[in-house]
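Two complexes, one shared chain (subunit A), two partners (subunit B, subunit C).
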Partner chain A sequence: MGRYLARRLLAIVPVLFVLSLVSFTLIKLIPGDPAAVLAGINASPVDIGVMRHQMGLDRPLHVQYLRFVERAVAGDFGRSVRTTRPVRVEIAQGFSNTFQLATVSIVLATLVGLSLGCFAALRRYTIYDTLAMMTATLGVSAPVFWVGLMLIVLFSADLRLLPAAGNVGWASFILPAVALGLNSSGIIARMTRAGMVDTLSEDYVRTARSKGVTETAVVIRHALKNAMIPAITVLGLQYGYLLAGAAITETVFAWPGLGRLMVDSIGYRDYPVMQAGVLVVGVGFTLINLLADLGYAVVDPRIRYG
Partner chain B sequence: MSSRSNFDAVLKTVVAVSLVVAVLGFPGAWVQTGTAFSAQRQVLRYVEGTDVTPIDPAYCVDTPTSSIIHLVYDNLVMFRAPDMQVVPDLATSWKIGADRKTWTFTLRSGVRFTDGTPANADAVVYSIERVANPKNASPYRTLFDEVASVKSLNDTTVQIITKDPYPSLLDALGQVGGGIVSPTAAKPYEADPRRFGEHPVGSGPFEVRSWVPGQQTVLVRNPDYWGKPPALDEIDWRGVPDASVREAMVKSGEADIIAKAPIQDLNALRKVPGIKVLAESSMYMVNIELNNQAKPLDDVRVRRALNYAINKEAIVKDLLFGYGRVNDSPLPFGVQFRVALTPYPYDPAKAKALLAEAGASKFTLNLWAPHGRYMQDSQIGEAVANYLQAVGITVKYRVWEWAPYMQALNAPDRMALLLGRATPGTDFTMTRQYSKTAWNLYNIGLFYDPQVEKLIAEARIEFDEGTRAKLYAEAQRRVWEDAPYIFLDNQDQLYALRDTVHGFQTLPDEFVYLEGVHIGQ
Partner chain C sequence: MTLRPLWIRFRRNRGALLGAAVVVVFSVLGLVAPWVAPYDPLTQNLAQGLQPPSFAHPLGTDEVGRDILSRVIVGSRISLAIAFASVGLALVVGGSLGLLAGFCGGRVDSVVSRLLDVWLALPGLLLAIVIIAILGVGIDNVIISIALGGVPPYARVARGSTLSVKESGFVEAARSLGAPDLAIILRHIVPNILAFLLVQATLGIATALLTASGLSFLGLGAQPPTPEWGAMLADGRPYLISNPQVSVFPGFTIMLVALGFNLFGDGLLETVTPRKAR
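Take a look at the complex of A and B:
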């Protein structure tokens, strides 16, 4: 297991390298000059030129890339063009807020999704199954910005129960987590149901029942673990996706997360933040997938890594 | 056996941890939304559409942050409501020498920055030089183009000598770029001056307690402020991008004031108990700036025809929901010496006739507009495109994202660009937009009329207000007849406030006077 972990962690390095190269090049291809955006509409071309020089944008591309890599390896991603704060600080703030929201969302989505999926599987082929899966489909199909706005209108503006925007305390997690988690819970529900239906028809389940084990125990202790393998795959992917910063939800709820940071940076052509952001998201995604793989080992004793 | 206990263990741990976190976090569940106002502390929650950028007079280019700059820093002089008149701020009085180029400003004595250092003449000199220094690449560098030298004669006297007689010096000093910073606080950042915004130090009615971009900026009352102390103890300033969400916040009481209230919901908002709506004229004028050197736009008949072809009243009524007015001057609303002229009426027949006369009945026009920068910008662009098609012009309409649009402003094949401008200061606006000296700088329309040029140059050095007024009036009339733009509209600035907020005022340049606000029943 230790060697496996070490191999997997080492494999992140080439991934990072390719990511940095690709993101650096692609970002430079986007039209729009950050020096001009920063200088504003009333600046003269001379001032914009000075700013370009200060930002190092007048050097040849490969020189810019090497400087970037040199500093990145030392942990210095430069300063945000938009806020002048170190990119490290911007990304850390964004990531921390997104991490909190994504984790709450995925926990919520998992609880709801697993329960719904199990419920549907236990009552498979009945009307309850159909209704449950319809709910799951609705969750997947509802556009997140609409759901978010509707939640805000109802719970903030009309009922005054919950805050509309920002990370201002644990109550402010509820609406964005529901909006974000809705999508994931639908997917997890469907995968869980599928896995459960398969598992419940297995021989060992029949054996457990005939041994006199209660239905609840059968479901939770025996069937669920195995049914969860496809769900874990999906969970991992969903969590990774959420960690990349659900930009739309974060914009609607003014959540100071990574997604919103990336969107704002793109609008501003804030290259340093964009480049660091892509790297962070890449690493995050890779680590999540690693966790998911490890999760299989927890759930299924047949799976061993060496 | 081991896998079962593994799994159970994981499950139990997760559940236990969540419960503990939820219970521990309960007391801090939610920041008070202040449905009842506290007599103890006056805290104003102000919500804008964008985040606060570095709070530095030399580098702030967005309007909302400019309001914060005015709250945190003093200038020598400031603009005041309601009509943008210039009044003393850090300077108590000034004298202009017989050569009309030497200005002597007397400063208030005993003023200190919030870091304790004196806000004296040296600080004024430092601040102005910081902006004017080309190495610092400040977007406001050209504000002080006319300044030949700035010196401190003693602690409370600043002498500014201009290159030519320049009555607009006061306009320059009152703008954001004229904010006075603490040299002690700014000096450590001289190698990278843009970083001063991380630790802003001024001498204004408020100081910055914390600035976390993306989350919130907290301003607190400056206890050592030399002027009338503001009633507010604290201002919590946040940026929430979605207008509907801002609306929800003011309705629920989570925000006391929201800026840029959604225009389509304003009439409904007015009827909500506990909320009042404020629609004030803004200096922002939105026009279609035409490339006066591109055929056939170089023919004044064609440019006038384009003006006759658009139903501007309809645009204001239907796209701006009445929150604006048809532009009736080349100068923005609220600027000194502005005269109201007659807008080109909607007359498509006349437009077609003029086009025929100029031999331009059928030509292709590139019409460009940004999206999301100004109120209803791309929608207005579309409407204009339709009106122009209706008089026989083939319109190639393109919507741009803001960052590439800024570069498109100087593209050689530009023909018609939708742009919003608001520059306080008559001379600045006339020079920037209508003078040949600003060709390929701000005068992207490449407009040039030798008569107008002469008038601008004369008015710029004329100290007598009556004469200046006449010169600018004539210049405006000529520019209006030359129709370098399709003149469109002046927008309103839209705010929604809770009933408990009193004393809220704004200026046409969208500077919000929070120092006069108090919260009460």
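Take a look at the complex of A and C:
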């Protein structure tokens, strides 16, 4: 296990390096002069020159990169152009909000997906199976923003049941989490069904059944554990995807999260926030996938020796 | 592989047939859209703004009086064009990379695999947003950003298929007969990996459609007054409660088309995957 961990850690080093490069060059590639933006509208060419020197933009590229990495590791990404607050404060707040939403969504999606998948697998090849998988495919095909808007119309406007915007209390999690989790629950349901169908035809399940073990126990104790293995990898990917891709859901529900921050920062030309956001999301996603891989290795010992 | 037995196997899957029907209908619609749409999708008629569905306007009108049905029809041309273009691009780039990695093996394979790992470090939507931040908004850049974000799956499928084809007998036979590498690639490997790549592409079109309309919804894709489905949804947001038709119909269409491609793709996958005993 230790060797596998070491190998995986080694593998993400180049990834982290490239992520830092991408984040660094992002500002260079975007049209516009960051120094001019930060200096303000009324800045004269002299002021912009001073700002440029202050930002270190007149140093050679590799020096700039090293300083960027140095500061990034210390958590200093400068100040937001839009709010003038330290970027790391903005990012931390956004990340925390998105993390909460993503976690609730993934829990919801897993519960629904696992249940639906098991349900379909236990009644496989019947009409219930077809209906369940249709529902799952529907969940995968529905555009998140449309579902979100429909939910708002239905539950917030017409029924006045649930809040439609912002992060105010536990009730405001419900609609965004459902919208966000819909896609993932569909994917999890399909994977679970596929895994379960495979597992349920294995010999050891037949043995358990012929021993007289109840169907429920067979499902829960034997089949589910093994069927969940591919589901864990999917879970990791989905979690990471939710953390990053919640941008649309956050925009629909005015959720003060990282995704919405990133989208807004494009419009505002808030380069420091964009830079930090790319780095944070990229690193976070990579770490989550690493955890998912490790989880996979814990559950399935064959992986460690592959 | 001859087509007829594949078709027989395919049509056993009712969902896949439904999906195929949707795919065909909307593809044709996309082609003939300008001639089929009852009204001009861009003509504004402020007096007729925000009308609910009626005989004259089966899907109602939007906030500046444009006929929603016409905009949805013409929108199919735009949205499908974006989806097909980005998937096509990703397929070619990813497929080539994967084939290269699988065929050459060794150091080339390691380098490409590392590259793919890094590529996957930024999730699709975020990558698309970053690329648009650099290139600017608009349909062309949406195509590029979705294509770039979507390359890894095709590379992986191509690499995997190439590796398994390489193991099979006829590649070895061709080699021992002295066939040059390029000939082996073109005549043996490509035809055999094409099936899985096309299945991946079909499913990818659904994802591309959802991502593209999502980007347009955020204002990063198709710009007004282009009748792209996602953009139409965003336009309808202020009128959601009073006049939901502006947002409901385009969104429903997106779901319908994505569902169609997903069902079709699933059916294709089932058809080309060698079956284990049930």
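In this text, the second predicted complex is superposed on the first by the 243 of 306 C-alpha atoms of A that agree within 3 Å, B and C clash if a C-alpha of one lies under 4 Å from a C-alpha of the other, contacts with A are read in each partner's own complex, and residues count from 1 in each chain.
We take it that a contact is a pair of C-beta atoms (placed from the backbone, for glycine too) under 8 Å apart; a residue touches a chain by one contact, two chains touch by 3 or more.
Everything numeric in this text was worked out from a predicted model, so none of it was measured.
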Which of subunit B and subunit C A:Met134 touches, first, second, both or neither: second
Comparison of subunit B and subunit C by subunit A residues contacted: B
Subunit B versus subunit C as contact partner of A:Phe285, first or second or both or neither: second
Partner chain in contact with A:Arg193 - subunit B first, subunit C second, else both or neither: neither
First, second, both or neither for A:Ile152, with subunit B first and subunit C second: both
Contact residues of subunit A, present in both the subunit B and the subunit C interface: 31, 149, 152-153, 157, 251, 267
Residues of subunit A defined as touching subunit C within the complex: 11, 14-15, 18-19, 22, 26, 29-31, 130, 133-134, 137-138, 140-146, 149-150, 152-153, 157, 201, 240-241, 244-245, 247-248, 251, 262-263, 266-267, 274, 278, 281-282, 285-286, 289
Subunit A-touching residues of subunit B, taken from the complex the two chains share: 2-4, 6-7, 10, 14, 18, 22, 25-26, 28-31, 33, 35, 47, 51, 53-54, 61-62, 134-135, 137-142, 194-195, 197-198, 212-216, 238-242, 244-245, 247-249, 251-254, 401-404, 406-407, 409-410, 421, 423, 432, 440-442
Subunit B partner contacts - residues on subunit A that touch it in the complex: 31-34, 36-47, 50-51, 54, 79, 82-85, 90, 93-94, 107, 149, 152-153, 156-158, 160, 162-172, 221, 225, 251-254, 256, 260-261, 264, 267-269, 298-301
Complex contacts: residues of subunit C adjacent to subunit A: 14-15, 114, 117-118, 120-126, 129-130, 132-134, 136, 206, 210, 213-214, 217-220, 230, 233, 237, 240-241, 244, 247-248, 251-252, 254-255, 258-259, 262-263, 266, 278
